[in-house]
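I am attaching a structure below and will ask some questions about it afterwards.
Chain IDs A, B, C and D follow the sequence of writing; residue 1 opens each chain.
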Amino acid sequence: MRVGILTSGGDCQALNATMRGVGKSLYNLLGDVEIYGFLDGYKGLIYDEYRKMERSDFSGILTEGGTILGTSRTPFKQIREPDANGLDKVEAMKHTYRKLRLDCLVVLGGNGSLKTANLLSEEGLNVIGCPKTIDNDLYGTDMTFGFYSAVQVATNAIDCIHTTAASHGRVFIVEIMGHKVGLLTLYAGLAGGADIILVPEIPYDINAVCKKIAERHASGSRFSIVAIAEGAISKDESKLTKKELKKKLAEDRKNHPSVAYKLAKEIEEKTGAEVRVTVPGHTQRGGQPVPYDRVFATRIGAEAARMIKKEKYGVMLSLKNNEITTVPLADIAGKLKTVDPDSGIVKEAKMLGISFGDEE
Amino acid sequence: MRVGILTSGGDCQALNATMRGVGKSLYNLLGDVEIYGFLDGYKGLIYDEYRKMERSDFSGILTEGGTILGTSRTPFKQIREPDANGLDKVEAMKHTYRKLRLDCLVVLGGNGSLKTANLLSEEGLNVIGCPKTIDNDLYGTDMTFGFYSAVQVATNAIDCIHTTAASHGRVFIVEIMGHKVGLLTLYAGLAGGADIILVPEIPYDINAVCKKIAERHASGSRFSIVAIAEGAISKDESKLTKKELKKKLAEDRKNHPSVAYKLAKEIEEKTGAEVRVTVPGHTQRGGQPVPYDRVFATRIGAEAARMIKKEKYGVMLSLKNNEITTVPLADIAGKLKTVDPDSGIVKEAKMLGISFGDEE
Amino acid sequence: MRVGILTSGGDCQALNATMRGVGKSLYNLLGDVEIYGFLDGYKGLIYDEYRKMERSDFSGILTEGGTILGTSRTPFKQIREPDANGLDKVEAMKHTYRKLRLDCLVVLGGNGSLKTANLLSEEGLNVIGCPKTIDNDLYGTDMTFGFYSAVQVATNAIDCIHTTAASHGRVFIVEIMGHKVGLLTLYAGLAGGADIILVPEIPYDINAVCKKIAERHASGSRFSIVAIAEGAISKDESKLTKKELKKKLAEDRKNHPSVAYKLAKEIEEKTGAEVRVTVPGHTQRGGQPVPYDRVFATRIGAEAARMIKKEKYGVMLSLKNNEITTVPLADIAGKLKTVDPDSGIVKEAKMLGISFGDEE
Amino acid sequence: MRVGILTSGGDCQALNATMRGVGKSLYNLLGDVEIYGFLDGYKGLIYDEYRKMERSDFSGILTEGGTILGTSRTPFKQIREPDANGLDKVEAMKHTYRKLRLDCLVVLGGNGSLKTANLLSEEGLNVIGCPKTIDNDLYGTDMTFGFYSAVQVATNAIDCIHTTAASHGRVFIVEIMGHKVGLLTLYAGLAGGADIILVPEIPYDINAVCKKIAERHASGSRFSIVAIAEGAISKDESKLTKKELKKKLAEDRKNHPSVAYKLAKEIEEKTGAEVRVTVPGHTQRGGQPVPYDRVFATRIGAEAARMIKKEKYGVMLSLKNNEITTVPLADIAGKLKTVDPDSGIVKEAKMLGISFGDEE
């Protein structure tokens, strides 16, 4: 069999671990297999740039961060548009696929990338998706690889801030990745012992945030730690239309490089507290994958190989009840999993006294 | 309300995180609560040794390994026997419970400890169990806290061995905790990229193990890594009666401090390879809990508090499909969850070419 | 004997480890000793706020980040001015010292704090200084505690960025603490494998920086990593008077929250490359101390106790040729150790091809 | 120029970092250079097995544990003996060196390996040594690379044991690498907060050890941690002749796999305490190098390249007063640096109350 593979979108940990799982299992299950690794995501498929991957290429990469194939962000919208030279990208991908006589294409990607994967599936290619993203925002799976490794990095940041915060007596804001979905912030906030957790799905009231800080101060706590997602918005902002919100955020960005800096200024003005901002940024995508992700990625990879052997295509591998299963790409493409404000984990966090800034 | 709490059995990470969850949530949900922490597990309950725990006692312990209450191994069998002074331990525990006018007792424990918890429940005490153990071998829950933190430590050991093994060209054996259940070895073995994984549930054939090593050597690999559980047994041993096996293991122990040393000698004799043994031992119970465990423990603690508020007793908190729920102590006491040789994860490991030593 | 102790200035790792060394050794060497821990640095000494520290207070804090006594930044200049109520701070400190009949005061502090320590020494108090700072910029000692732990955190950030940078093909800027001195940036840059290292002591030419990036790109490297100290300045800026520079930096701050963002914009404009900024910020002061710092802090603490026993005051403990010795506070107060552009380590970095942005 | 390079002896962290330093600097300083990497240490030089190393071979290996060239232990004694086929190894090495028309050979090695390096130097080859070993026992340099990374691993083990020990109330013994020299045990013991540190250079009295444990127990401590070097010996053993000692240790080895197990039994018998043994073993040689080692190794590598350019041979790179310098191989070959019982660091440890088991 002839199998193509690519990694697409923002990179994360365990991309290599997943490819190792796919590659080792394919060589093991099929014996006779040719694997083509496309460079820099869909770009490689469009422009016919790849390298043949031998059995040995999949050795020694289990713990490596990043992706040995490179990746690129190629938004779904962009995929459907011709390139600068007028090339039809979808047709180009189909052409490369057929030229190499591929039996299937394995795509490691998040939301946008899997939308493209579904498109290719609809266009007649045999496609298998693997759920990649630090955001864990993919519909149809309990987990995505990369998530717990990013939680680790973000939690480490909060841990470090914790000791320094306790020494000085300040408010610290840690900005965690997540433009639309707050799961990473929620988990890292819980794991790091944040006092206030602000996520896009639960608009916050600045007064509730400041009240929580004041209460902690009044009860003798020397510091407060706020974990805020990049895309957190206030209650007022949540009432705007999409267009109005976009405009407002663009305005804000002129004064503050990100949401954390804006919040810091508001808290300083309202409470007089000294506020410090930390932005772990892209470190959340890097470093070695944690054991959870390594096991999960390895399992996903093995099952992807099994699906290829079974010639079961048009699906994404998925975790359900601790077992790896599949869901049709068509069922999940373009859908998001988000923080449910009424979910158990949010309620549990509130039981401990953690504020989401939504108290009346 | 008046709540007792204790940590029992082998210690693990996230015991303090769980108690923090219970304590913070109790103070938060009930306002008026008295919490009594019994020292060194059931011993404290038997001999009336405890300390009252204030709200502040639960602050700053989220990331601390160990248990601030101490623990002890008090096997179920021992609990039922009178102590050296003829004291009936069960009656003593009931006496302490009543003397302190407790409304309930929260037990953080593993298999044996929850058996005792169930006994106390049957004796009329209000008991809530929290699933603690590095082995993840508790029936009735998808996960126990401590497991992923122990996986982290064991995986780190394999990671370190990996680089040194690659430099020298040897066989390395890493012995991982688990006398009856191999889940910890299975997960750490997968996460660390072990070539051979030996667990109690899948008896191994020494010839299959050596064959795998020889195959790797023949294909140019400079080294092989074996992850073996403390309680792994050979196919021959698996055919013995329980009594015969016990006798044989006692004999073995005279010559080898543990199973890894025995296996090392066998491999050296059969293959001529240079073999090295590493025993991370009790480090697997120590260090800071990983984020997974911190989140999970916090959730368990919050739900324990909620159950207390609801006066729902005689249950163990449990993870099912990512939600925290409860199972009756009576349903799970004394039952083990083990590695299922036919489970998805074992099959997936085999797809990658990992040997469990059971090949024909 | 009666000994006071305080931690002053920006916090860092190993403050607790050092106090543990002082406290354990004092109890051990003197048997009969009373130790008074002043709260929040000099503030506690000024306003007579302290707690008596028992032998057990020094147990279990070796690995804890932060400081159990709290700290505050009280600049030397501020120390010499009366407080809001007209209180003479220096007199107040002397008063507290005498009221408690202290035999000596141990100050864990950096540059400013040791200047104050020297002042108190000149005023007749018995003072011993311990060299604390993540910047390693204290004159008169080869090393300060906190430095290598901060290097670890900053290096981890660069490590994480490395894997993500390699996947995407971008320029990444990591901003590392250090307003006046670039030692932390230099060491973390070397340890993390940065391609360009910019420190205050070696003004950079933006064209040299961009040239290095272009060269790397031309030779097939997919990414470049810049480690920049908070206080790095360009060659043009280095020619300004102190007053002019201050004004310019204030202007810059209006457009960019910090130097890294400014550099990012310049590089983007000049090279067209996609640039990302990461600011580990206060995480560099937090987390557990690395073994180097623990050993060093323990040694410093023991020798401080020995000096107290010998009644040798007016000195700072110092590392010279791997031995702990002392230097007079008067000799080092107010002096800085900086990156010497002609030192071995800078030359060695350049031999590897690392750019400091000062190439002609 | 034509440069050979090899890594010899027990592997450790930062071997790759050092080679990266050498390789990058050579390409940078000389432009025109050919580098030959010999496989598996001196074996590769003897049997003419090597690979040519391009500039790109030195990229991306800064943080990798192990050695990309492989290594082997080839004792000095063995080097001087003919091999199984009667080959004169020294002549074979000279032959390979000349056949490849090398200008010099860079050897990354410890004591034994540098003795061989010196022999080759005496035989007329141009040799440069780099001080590699986790033991830091090389004469003529303040530090060796690998040491602080091994300290990190060993300290992590003690840290993990600390939390579990505190929970249970036991004596824990951690066996740390070091057959002849106890520096690694001393530093890890100090960094991990061990209560008792036993090293080969300070023979211990089992009664002093047990007395210390009893004292801690009496003063309310729940546990004691012993850090023992593999080669630690008792006072009685220290009085034996070398031959007698060898015989006794061989006897001991029949009953106990290592010194820690023997000590455990003695303590159990004498104190009745429950004792647990942990043997981190080869993990101490593995994993990523810590920043200290990365910076140090990079500097060593750069200076090795500079020496080659200057054609200064017959030397080992060495750290003296934070600068990299050189010492003649002839001056240091075969000499050991050990723990000086009268050194500052040992005295400081004793000031804190740490026992070395040598108290009268």
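Operating definition for what follows: a residue touches a chain if its C-beta (ideal position, glycine included) is under 8 Å from a C-beta of that chain, and two chains touch if they have at least 3 such contacts.
It should be emphasised that the depicted structure is a prediction, and the values quoted were computed from it without experimental measurement.
Counting only chains that touch, the fewest steps needed to get from chain A to chain D is 2. Greatest centre-to-centre distance from chain B is found for C, with centres as Cα means.
Distance between chain centres (mean CA atoms), chain A to chain C: 35 Å. In this assembly, the C-alpha centroid of chain B lies 42 Å from the C-alpha centroid of chain C. Chain centres here are Cα means. That of chain C falls 31 Å from that of chain D. Within chain C, residues 159, 166 each touch two or more of the remaining chains.
You'll find the chains touch as A-B, A-C, B-D, C-D. Looking at the complex, you find that chain A touches chain B at residues 21, 24-25, 28-29, 60, 62-63, 142, 148, 151-152, 155, 159, 162, 166, 187-188, 190-193, 290-292, 294-295, 298-299, 301-303, 305-306, 321-324, 344-345, 347-349, 351-353. In the complex of the two chains, the chain B residues touching chain D come out as 7, 11, 13, 15, 40, 64-67, 70-72, 153, 156-157, 159-169, 172, 222, 256-257, 261, 276-287.
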